[in-house]
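To keep things simple, chains are lettered A, B and C as they appear, and every chain counts its residues starting from 1.
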Amino acid sequence: MIRISDVSKSFVLHNQGSAVIPVMEGASLSVAPGECVALVGNSGAGKSTLMRMIYGNYLAGAGRILVGDVDVARAEPREILTLRREVLGYVSQFLRVVPRVPTLEVVAEPVLAAGGSAEAGAARARALLARLNIPERLWSLSPTTFSGGEQQRVNIARGFAHGFPALLLDEPTASLDATNRAVVLDLIEEAKARGAAIIGIFHDLEARQRVCDREIDVSAFTPARVA
Amino acid sequence: MTEQAYNFAYLDEQTKRMIRRALLKALAVPGYQVPFASREMPMPYGWGTGGVQVTAACLTPEDRLKVIDQGADDTTNAVSIRKFFERTAEVETTEHTAEATVIQTRHRIPEQPLGEGQILVYQVPIPEPLRFLEPRETETRKMHALEEYGLMHVKLYEDIAHNGAISTAYAYPVKVEGRYVMDPSPIPKFDNPRLESAAIQLFGAGREQRIYALPPHTRVVSLDFEDHPFEASKADHDCDLCGCGTSYLDEVITDDAGGRMFVCSDTDFCASRQADGHRGALSPQEELA
Amino acid sequence: MTPLLSVQGVTKHYGARLGCGDVNFDLWPGEVMGIVGESGSGKSTLLSCLSGQLPPDAGKVVFDTRADGPRDVLTMSEPERRMLARTDWAFVHQNARDGLRMGVSAGGNVGERLMAVGARNYADIRAQAIDWLGRVEISEDRVDDRPRAFSGGMQQRLQIARNLVTGPRLVFMDEPTGGLDVSVQARLLDLLRGLVREMGLSAVIVTHDLAVVRLLADRLMVMKGGRVVETGLTDQVLDDPQHGYTQLLVSSVLQV
């Protein structure tokens, strides 16, 4: 489902003497449907960078990033947009939404974007919010006013609202209590069961061992820094 | 200075020719505003300088002229203009609608239907019907050229929204031959149906330097909404002098105690009816023979 | 699939000075494109050229018309272009006063486009106007008030209703949230986003506010000195800017 071959990336800081900072070299991996792969490595090794490149959020310098049959490294913006609507989901660590929009709508939005009906979206959103223990009285409020943990759960609900065939999870269990952490792990296992290919970053070792089939150490793709 | 010092009908021949060319163009394109080089006239703007120039360009020595102001032959404006042409053109004048060949009018169409061979000349203050909604002349011209008349209905919409009905009572916009939207000058909307006439109708705006026209039997439709159709309204009364129930009425205040009467605004029409023996509610008591 | 709008080599000079130079992009149905850059970068010039308000010196602006398929807007006759401007296109001005008739009631402002395309039933026009006022969160009892009596945010929402009532397919917006309070901005953004999705609108939004484009635009075009220096997915351009100017622009934004 996800196949990455020989991807490299460097940042060029034009405003700081055009410093070139290579951050990745020769990254290759593949994830099959129903498989969950954890990216591991030290902080700064490039886990998030790789994840962001897969999502099209960072531009890949070279190589191929195939999600389904779309090469994200080369695709037109609108192809990536379609991919994100229908195929590739992303649960980031931060919730970025228009202020004032009710939580229920925030969570239902991916369903609508993928062409689902308003009823289907609302139903799915209610089910997920209930499972993730967001009190019903908050559903009509904007999540921008919520606590960090609540925002994180809203973000997860949003990520799992549509049944994406491929999912990127950036620390989905961080800052969650045991109960909600278990719910999120259940959601991940359910997604695997329906055949989703998942790439995740989990600092939580226990969680990683429970849901991940393999680990890939990103340090292997970290270029040797010229001192 | 003697009257003979003036050219026939005051204007010089070149000017009259220029105006006639504008008139012909206006007749050829009904409802279209033709620019013309309006002259200074020996009367202030707003007193009918446009109408006077058009009349001057139309008059021949054989014509019989009638001038009305709000339907009346005897008000200052009508009397002055009539005198002006009596002196400068020495044409015959009349107060009888049927006898006139050229009628210059301010804000009315005579009650008696006009026939072929008659010319009705309107004095127009503001020829542009779109002016109050779109002040840019460049833009209104373009709107006419491209038949973008949605704005005209916005005005009527506003009327209904604010007053519950189309409250525009005069200068009610019309569409001419399905093409140009035209301001019929400030005639009461009661007169709008009579814009479809056998006579030639010419409109002159002196200050604004525009001439437009309706050839005989031109189709003239008053703008409206399906659910708020055009209505030619008048005061709900009969004439208190001639008893006519279908003519357009003026309300006349008769004292400072609320006394009033309604009389035909068309003085010739009313006088003719009284001559024929028609009487209204406030007619002077006649002595028994 | 054909792009809704295909911009090819659009160039405009003001005398010797470059307004915008050799701009190319395709806008696809349902896509929202943001154009960002500082004042004088040519983004407003470009928008004027695209929306037929300013003839460019060179280039093509091909719009996929309902009737005849793709046609170059710049070679259309003026009546055709004006017809397009009041049916399939909409233009939301930064200053609501430029896009509204201040002397006409809110209902009349919304109804004008309907009447311009031939609506002649007062009750229908009014019902549609009220429906649209509701959609932009203006209560029904304000329908007969003139925009003068409205707040800035309400005027802007009224302008949007007036523009969208005929169901256009392409909306041009020039700093739609400029000059509004932040709280009002958020409300307007939310409204615009909802309308864009519900109606499947495509939009070109010119702004200098990066937060606005992040929330509204799918794609981004960065302009500097009349030239396009970078294009791409909105989040990619903002999070991983490639051009020095974009990097500067992104790093100059104050974080809240």
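Throughout what follows, a contact is a pair of C-beta atoms (placed from the backbone, for glycine too) under 8 Å apart; a residue touches a chain by one contact, two chains touch by 3 or more.
For clarity, every value in this text was computed on a predicted model and none was experimentally measured.
K.L.:
With a step meaning a move to a chain it touches, how many steps does the shortest path from chain A to chain B take?
P.N.:
2
K.L.:
Quick check for you: compute each chain's CA centroid and the global CA centroid, then name the chain with the smallest gap between them.
P.N.:
The most central chain here turns out to be C.
K.L.:
Find the geometric centre of each of chain A and chain B from their Cα atoms only, then give the gap between the two centres in Å, rounded to an integer.
P.N.:
Measuring from centre to centre gives 77 Å for this pair.
K.L.:
Which integer distance in Å separates the CA centroid of chain B from that of chain C?
P.N.:
46
K.L.:
Find the geometric centre of each of chain A and chain C from their Cα atoms only, then give the gap between the two centres in Å, rounded to an integer.
P.N.:
Computed from C-alpha means, the inter-chain centre distance equals 32 Å.
K.L.:
For chain C, which residues count as touching chain B in their complex?
P.N.:
78-79, 82, 86, 101, 103-105, 107-108, 111-117, 120-123, 125-126, 143-144
K.L.:
Within the complex, which stretch of chain C touches chain A?
P.N.:
On the chain C side, the touching residues are 28, 31, 186-187, 189-190, 193, 197, 214-215, 218-219, 231-233, 235-236, 239-240, 242-245, 247-248, 251.
K.L.:
List the residues on chain B that touch chain C in their complex, please.
P.N.:
Against chain C, the touching part of chain B is residues 133, 142, 146, 148, 150-151, 153-154, 157-158, 160-162, 225-228.
K.L.:
Along chain A, where are the residues that touch chain C in the complex?
P.N.:
Of all residues in chain A, those touching chain C are 11-15, 18, 52, 56-59, 77-78, 80-81, 96, 98-101, 112-113.
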